[in-house]
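The structures come next, written out as structure tokens.
Next come two complexes built around chain A: one with chain B, the other with chain C.
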Partner chain A sequence: MMQRPRPERSSMRAEQRSAWSLTAPYAAFLLAFAAYPVFFALALVFMHWDLVTPPSFAGGDNVRLLVTDARFGRAVLNTFVFLAIHLPLQIVTALGLALALNRRLAFRAFWRATFFLPVVISGAVVAILWNALYATDVGLINNLLAKLGGSPIPWLTDPSIAMPAIAVMVTWKNVGFYVIIYLAGLQYIPQSCREAIELDGATAWQRFRHLTLPMLLPQTILVVTLSTINGFQLFIEPYVMTGGGPLRRTYSVVLYMYTNAFSYQKMGYAATIGVALALIIGAVVAAQRRVIGTAEAA
Partner chain B sequence: MPSISFEKVNKKFGDVSVVEDFSLHVEDGELLVLVGGSGSGKSTILRMVAGLESVTSGTIRIDDRDITHLAPRDRDVAMVFQDYALYPHLTVRDNLSLGLRLRRMPTAEINRRVAWAADMLRIESLLERKPKQLSGGQRQRVAMGRAMVREPLVFLFDEPLSNLDASLRARMRIEIGGLQRRLNTTTVYVTHDQVEAMTLGDRIVVLANGRIQQIGHPIELYRNPINRFVAGFIGTPPMNFVEGNLHRENDRVFFVSEGLRVQLPAERLPGSVPSKAMTLGIRPEDVTLADGKPTSGGAGAARLSGRVLLVERLGGTSHIHFDVGPHRLMAAVSGEDPPAVGDTVGIEVPSERVHLFAADGNALARAE
Partner chain C sequence: MRPVVRAGLYAALTLAALTFIYPFLWMASSTLKPPFEVGSLALIPHDLTFENYRIMWSRAPFGRALLNSVFVASTITASVLVLGSMTAYAMARLTFPGRRVLNAVTMGVLLVPGQLTLIPLYTLIVQLGWIDTYTALIVPYLFNATAILMLRQFFLQIPQSLIDSARMDGMGELRILFTIFWPLARPALAIVAIFTFMGSWNEVLWPLLVVRDQQLMTLPQLLTVFQLGGGAGTLGVSLAAAMVLVVPVVVAYMFLQRYFIESMAGAGVKG
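The block that comes next holds the complex of A and B.
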């Protein structure tokens, strides 16, 4: 046996040193722009602060206000309504488009780029664009409906339609991103497995149901998680398009937080809303994982 | 009673013809091996039977049913893929049963078949595992089980053992052969490994460039290869070839090349030979070392002298490579005391074991 006493240790230390030096810039960035605000927000939960006068200790005031605030409750409910429409729609459209784009198709690269384009356009621009599409009397969509013999629909002014309309729009904007995720997942289904299930007697639907869909489960988990996190942060669309109306039905949690912070100058309460939102997101994502996890085991 | 018949089957990919005029009848219960080099069209033929590849022209029948244009699911064939193609997200049990469930078979029957296959393949203890928790050999068994439970008309195997190590390959080869004989299911088995072909096949089809070279029982191909390609392909180690010419002296015929002269039994040669230029073939196991003993001269065996270049000792047998003039020959000899490198040894080539190939590669018809 050869004796190799210390080199392993020292080389490990050298490895650690270089690991630290390589991560240091990122760590510093993270500390400055993520960790610091997080701790600051946590501290603000127990403060009154109007941005002008120095912060003062508030004890449990903000938390007490939050649990009794009907407007906050409304905003949370609105966001759940949004997610209830957005999530299934996002999965179905992204998966459907990915399946279509995965075939041999003329101009495939063009189509892929086209569906990805809205992802990189600023949310405010998209919102302004869709404002024009959704406009009740001069909008493109109602124009089309009229040509087909339908009556105009008040997309953004009817309290029960406005949030679904925004959900459709957000789905459209993000679909390209999730299509990419599904397309990547589709590459991992071996060609021979597709052929094997065909020989095993599967119809096109059975192939999808018993091979494609279960094999895309990791991608679906990712799509659900990302679009949930993203959906809870709904802000720019109601801010630009509806201002939270009609009847506060499109008032999202982040919009309410923003209003408290910058319209009412209640930084402490806004921070409390933010922390509550983070807790809600964590709880919802954990619950989703548990549900999908048991579905996988079945 | 399923048999498979191919009638003038052709396959082109674009302008490239990969299978040409493939006609063949596979008997009911037969295990037919398709063998050939890489790119010879073996997989393509198999996949045309499965319906995974379209047929450019010609007809494929299972029994009397024309399946040429049927969808794969309507053909009632099962295939074992080179990479096994197990469904990664399903347990072994579900891998076996999926095909039956898709066809809405009663649960009791599904369970009976799964239990039967698992017992036969000795994979009962693996039924609740996922494919990635299995070894290569176990995956191989599951893939076979998935084909078995279907009780299909036809089994198709596409190089099922090529991902296994040598010893496991030898074991699985024996298992597949035994299983096929017990089930008596008509089988087409693709391989590029001629040992697999020889040991498994009821008959072997040798392919080159999408064309059938020869069809026959393994021993027939070994004894009477129809051309130089088949002669070189079947048999390990491969046949020795020497280029040379035929010489007639009076009523005797010799194969002559530099450093080498073999008298041929005149009665073995047809009256007229297509060319004077010939290739002589002799299998390594037919070449013997002379040991200095006097040989039966005449047409019995030709005695050559060669210098030993390399000795590969395999234990019971050794492969001895030597130079005979400008030619390199190999002998496979038994015994544990082979000559040493550099020795000059006497070599005997029994003339009745010699194969002759004309310039076009075809074997001279031998009158036996």
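The block that comes next holds the complex of A and C.
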């Protein structure tokens, strides 16, 4: 581009004209479906609107309601419970499977493809499938437990088990995706580093702890960030499997937002939940990065 | 590796692979079993029956939902490829005032969480009178920022000499894009096509908001509504309904798994 001979003015104008006509649809799309919704989301925070009667000014009503709303607080808390189980589980299983796949193996593509299979399946299907797997009486998992001599567990109907059960399911669905990320990271660890640390007499564990794990830090940060964002988007799983119950223990923020908009027709409040959610995601991801960064420096 | 370690590794991998595959096999076989047999672990049905599929098909318009899903996902994919590459071409290869702004805004779009814009987008659709139309399902997805940035990145690598000589021959920008860039960009286009199609095929929250008419529902939406409405009644029937959504994806995945992994992993990291 730099060494291009300077074109004459008329051809430059022609280029501009074609560039504008090529990008005009996109520019219009951005205005209508990206810029407008962002600004209107902020405006909706200060409105009451049921979509039937004209919107009215709400002042700080929505924000005040949000701060004191126990249901919203519960949904946020539920998400943290979900993340507390999901994040460590996701990192350990993804890293474990990636390390196994990183060795010289027969049928490597086959193993990789099986781990990735649930990633391509719709979340709605996975929710319905696991609903069946978790079923207390005829579910596959309780049947397996019975074969091993265990007693059935009410996976989705016990308030203290339901959210962990969903966290395990989401880990199962997404792990193949994170295996690919870790595998890509493992390719970048130089052979010379491995050889050097082996010559120093490091055990396999020391090699993992002092070479592999630190070298994979960028991938781990990515895994934590993406699964956190994903965790805050939890919707179809509780919607299909538990309806947010038992005792609202699986109620998610997006499910609450959806209910406010779709069932209660409270557009202002639903948008307020959306804005709050975006802020919470940003804050949590920033905090995680700081913590992981300082832990590594120590 | 020592033989013991090697054996242990393969045993662990087999166990892991079974964890991912067995539930799907169990699902497929459960749809062919009568209700009293569904709980069993065996994969081969004792009393083979297609009753679950007959019930599922007669209770909700799954054939129609399949067509809706194919139509919506294909239209969106075609648009993201055609309109998206027109945009990406201009952003990569043409000089014009506003190019930098367009670039910056496109990157910015990736940082905006979908939850922030979901409700205002929904109210916009209501005000436009698009509830219960294909337009509502398609138009908000006509462009995709991730796709545009990916295509732009690819288009930047194509040598300028190709463009210059094509212009010398009197070719217009559109012809340069579709006859010179497209054939060269086939891998990038395939990656964009797969993640766009799959994203649309699996999307359920947006259709749940903007479509209430059963005849217009996409597959995952109808599946969800069917499940929640208790239309299924038994486990076998609800799993049979899920199969309609799964089978085409699994078949495509078996043939194109390398592209699926590259595409969906790449899009997730960038988006």
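Following the convention adopted for this analysis, the second predicted complex is superposed on the first by the 266 of 298 C-alpha atoms of A that agree within 3 Å, B and C clash if a C-alpha of one lies under 4 Å from a C-alpha of the other, contacts with A are read in each partner's own complex, and residues count from 1 in each chain.
Note that in this section a residue touches a chain if its C-beta (ideal position, glycine included) is under 8 Å from a C-beta of that chain, and two chains touch if they have at least 3 such contacts.
In this text the structure is predicted, and so the values were computed from the model without any measurement.
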| request: Following the overlay on chain A, give me a clash-or-fit verdict for chain B and chain C. | output: fit
| query | Which of the two partners, first being chain B and second being chain C, lies in contact with A:140: first, second, both, or neither? | reply | second
| query | Touching A:109 in the superposition: chain B (first), chain C (second), both, neither? | reply | second
| said: Under the stated touch criterion, which partner chain does A:201 make contact with: chain B (first), chain C (second), both, or neither? | reply: first
| task | Look at A:177 in the shared chain and tell me whether it touches chain B only, chain C only, both, or neither; answer first, second, both or neither. | result | second
| message | Between chain B and chain C, whom does A:211 touch in the aligned arrangement: first, second, both, or neither? | response | first
| field | Contact breadth on chain A, by residue count: chain C or chain B | value | C
| note | Quick note, chain A centre (C-alpha) to chain B and to chain C: the enclosed angle in degrees to the nearest 10 is 90
| query | Touching A:165, do we find chain B (first), chain C (second), both, or neither? | reply | neither
| task | Please indicate which partner A:277 is in contact with in the superposed arrangement: first for chain B, second for chain C, both, or neither. | result | second
| query | In the superposed arrangement, does A:37 touch chain B (first), chain C (second), both or neither? | reply | second
| Which value in Å is the smallest Cα separation between chain B and chain C when the structures are fitted on chain A? | 11
| note | Seen from chain A, its contact residues with chain C in the complex are 1, 4, 12, 15-16, 18-20, 22-23, 25-27, 29-30, 32-38, 40-41, 44, 49, 51, 97, 100-101, 103-105, 109-125, 128-133, 135, 137-140, 143-144, 147, 172, 176-177, 180-181, 222, 226, 229, 232-233, 235-236, 239-240, 253-254, 257-258, 261-262, 267, 270-271, 274-275, 277-278, 281
| Okay, in this complex, where on chain C does chain A touch? | 1, 9, 12-13, 16-17, 19-21, 23-24, 26-27, 30, 38-41, 83, 86-87, 89-91, 94-99, 102, 105-106, 109, 112-124, 126, 139-140, 142-143, 148, 160, 172-174, 198, 201-202, 204-205, 208-209, 220-221, 223-224, 227-228, 235, 238-239, 241-242, 245-246, 249-250, 253, 257-258, 260-261, 264-265, 268-269
| field | Touching residues (chain side chain A, partner chain B) in the complex | value | 190, 192-193, 195-203, 206, 210-211, 214-215, 217
| If you look only at chain B, which of its residues touch chain A in the complex? | 50-52, 71-73, 75, 77-79, 81-90, 98-99, 102-103, 146, 150
